[in-house]
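In what comes next, chain A is part of two complexes: it sits with chain B in the first one and with chain C in the second one.
So, the complex of A and B:
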């Protein structure tokens, strides 16, 4: 079942990142792992972040909408009576009851899953920091690593090179020599 | 709270019927623009250049400037 495997791999990914405490995935970790208060409603008796992978899992994913199990496993008496009422005609359910049933089955709605985050600021900031460090490295290397420039880069040599190109009439129609006024010996 | 049923079929066809004529038209416009903006002026520029081109005169100019190895400048 590809959906469970994907969900399991995603869960494993943010388990490891939870341990590393990566700044970027912090929101992902918070969103997807269970907090202490919510753990009790699931009936899992884990203290740390370890999850029993042999049991059906819940996930909030945009691309796989229906998880293997509902959000709330362990129902108290009010929830149980609501579930009983759900077995009857649904037109008998009030709007609040329908919403309560939805919230029993799912953790986040699609808009809640899609809510924007501040992650982009971290990304852009990290990018600029790396650019800065790279710039410093390049500066150091320009000073300490590069050999002296070839003699053909000098001013005199470059001027003689330009004159030779004009004498040869390099690209006389649309290119280099086309910009040179041969009569008045100047650039057009 | 009853919404209209969304379109379930013919989505690709609808998209193609909309986008393909536009794509063809834009491609033709791009090709025509390049032809009449770039290639025709370029052909004209080359034609005009070579209408006024005196081969021998230019050769002698280049020879005097010293760019050839097969013929030295006159004198020496």
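So, the complex of A and C:
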């Protein structure tokens, strides 16, 4: 027995697959119905990935405790009899029955909603992989892309440059030459 | 010729009562509580109103007073909805955040109601752990 939701989605399917061909749409229709029957305890599932936003939705949110729809809205006979018992005094319910009633209406408890995930490991790992790839790219670039260093970077030139700067007394008070001990000809 | 001295104020020195603050009346805590208790005390409250009320209340930057929660739990009873009653308790525990002493206080204050209506806390049902 199809719910009105399935009937509606079937109608829509007929409209969209009109051109595809009668046989194909029939196969898809069969798939819809059978998967609908399989998932009857969670009758809200759609075959396609998109959610029907025109229907009341279920959600597990810490900041919005009561969703528009119960988790299980297709109840079998045991569920229905439990719901009947719920109309009486709750002191008559056992702990298991109370838990069952909660699970009918809600999917995750608050601790389950707040459970930690291992996502951070993926994130950090991904970051390091990207850094590594970037590092390889930089190495390749240093080797193959950069032109040769100017001759002024060489050891000998640099030494002569430092000596020249000291001779000129560059920044003799607080800077470069201030660090040079002219008497003992060494760095302070 | 008399020199007229006009003092020109650079800004009007306004008395407190005329400052540019909103003139809206601020609701006191007692008024807030009373309003919400009344909301949930509606005898023929429906499921939508309960959901809307609770979701709005949890959206505020506060943990509801026990008397508001008592009213909400009784509304759950009128709607034959035990699951939502337990959910409300979970929600206020979460609302307390790092202040671990609020929830035990709430349960202590609500214990008579919980016993009367037969509402088990999530701890009683073992649902407070994963």
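Things worth noting here:
Definition applied: the second predicted complex is superposed on the first by the 114 of 188 C-alpha atoms of A that agree within 3 Å, B and C clash if a C-alpha of one lies under 4 Å from a C-alpha of the other, contacts with A are read in each partner's own complex, and residues count from 1 in each chain.
Here is the rule we use: a residue touches a chain if its C-beta (ideal position, glycine included) is under 8 Å from a C-beta of that chain, and two chains touch if they have at least 3 such contacts.
This structure is a prediction, so every number in the text was calculated from the model and none was measured.
Shared-chain residue A:79: touches no atom of chain B or chain C.
In the superposition on chain A, A:164 contacts chain B only, with no contact to chain C.
In the superposition on chain A, A:119 contacts neither chain B nor chain C.
Within the superposed three-chain model, A:49 lies out of touch with both chain B and chain C [touch as defined at top]. Which of chain B and chain C touches more residues of chain A is settled by the count: it is C. By the touch criterion defined above, A:174 lies against chain B but remains apart from chain C after alignment on the C-alpha atoms of chain A. Across the complex, chain A meets chain B through its residues 164, 167-169, 172-174.
Those residues of chain A whose C-beta lies close enough to touch chain C in the complex are 62-68, 70, 86-87, 89-93, 95, 98-99, 101-102, 104-106, 109-112, 114-115.
Partner chain A is touched in their complex by these residues of chain B: 42, 45-46, 49, 58, 61-62, 65-67.
Per the touch definition, chain C reaches chain A in the complex via residues 50-51, 54-55, 58-59, 77, 80-84, 86-88, 90-91, 93-94, 117-120, 122, 124-130.
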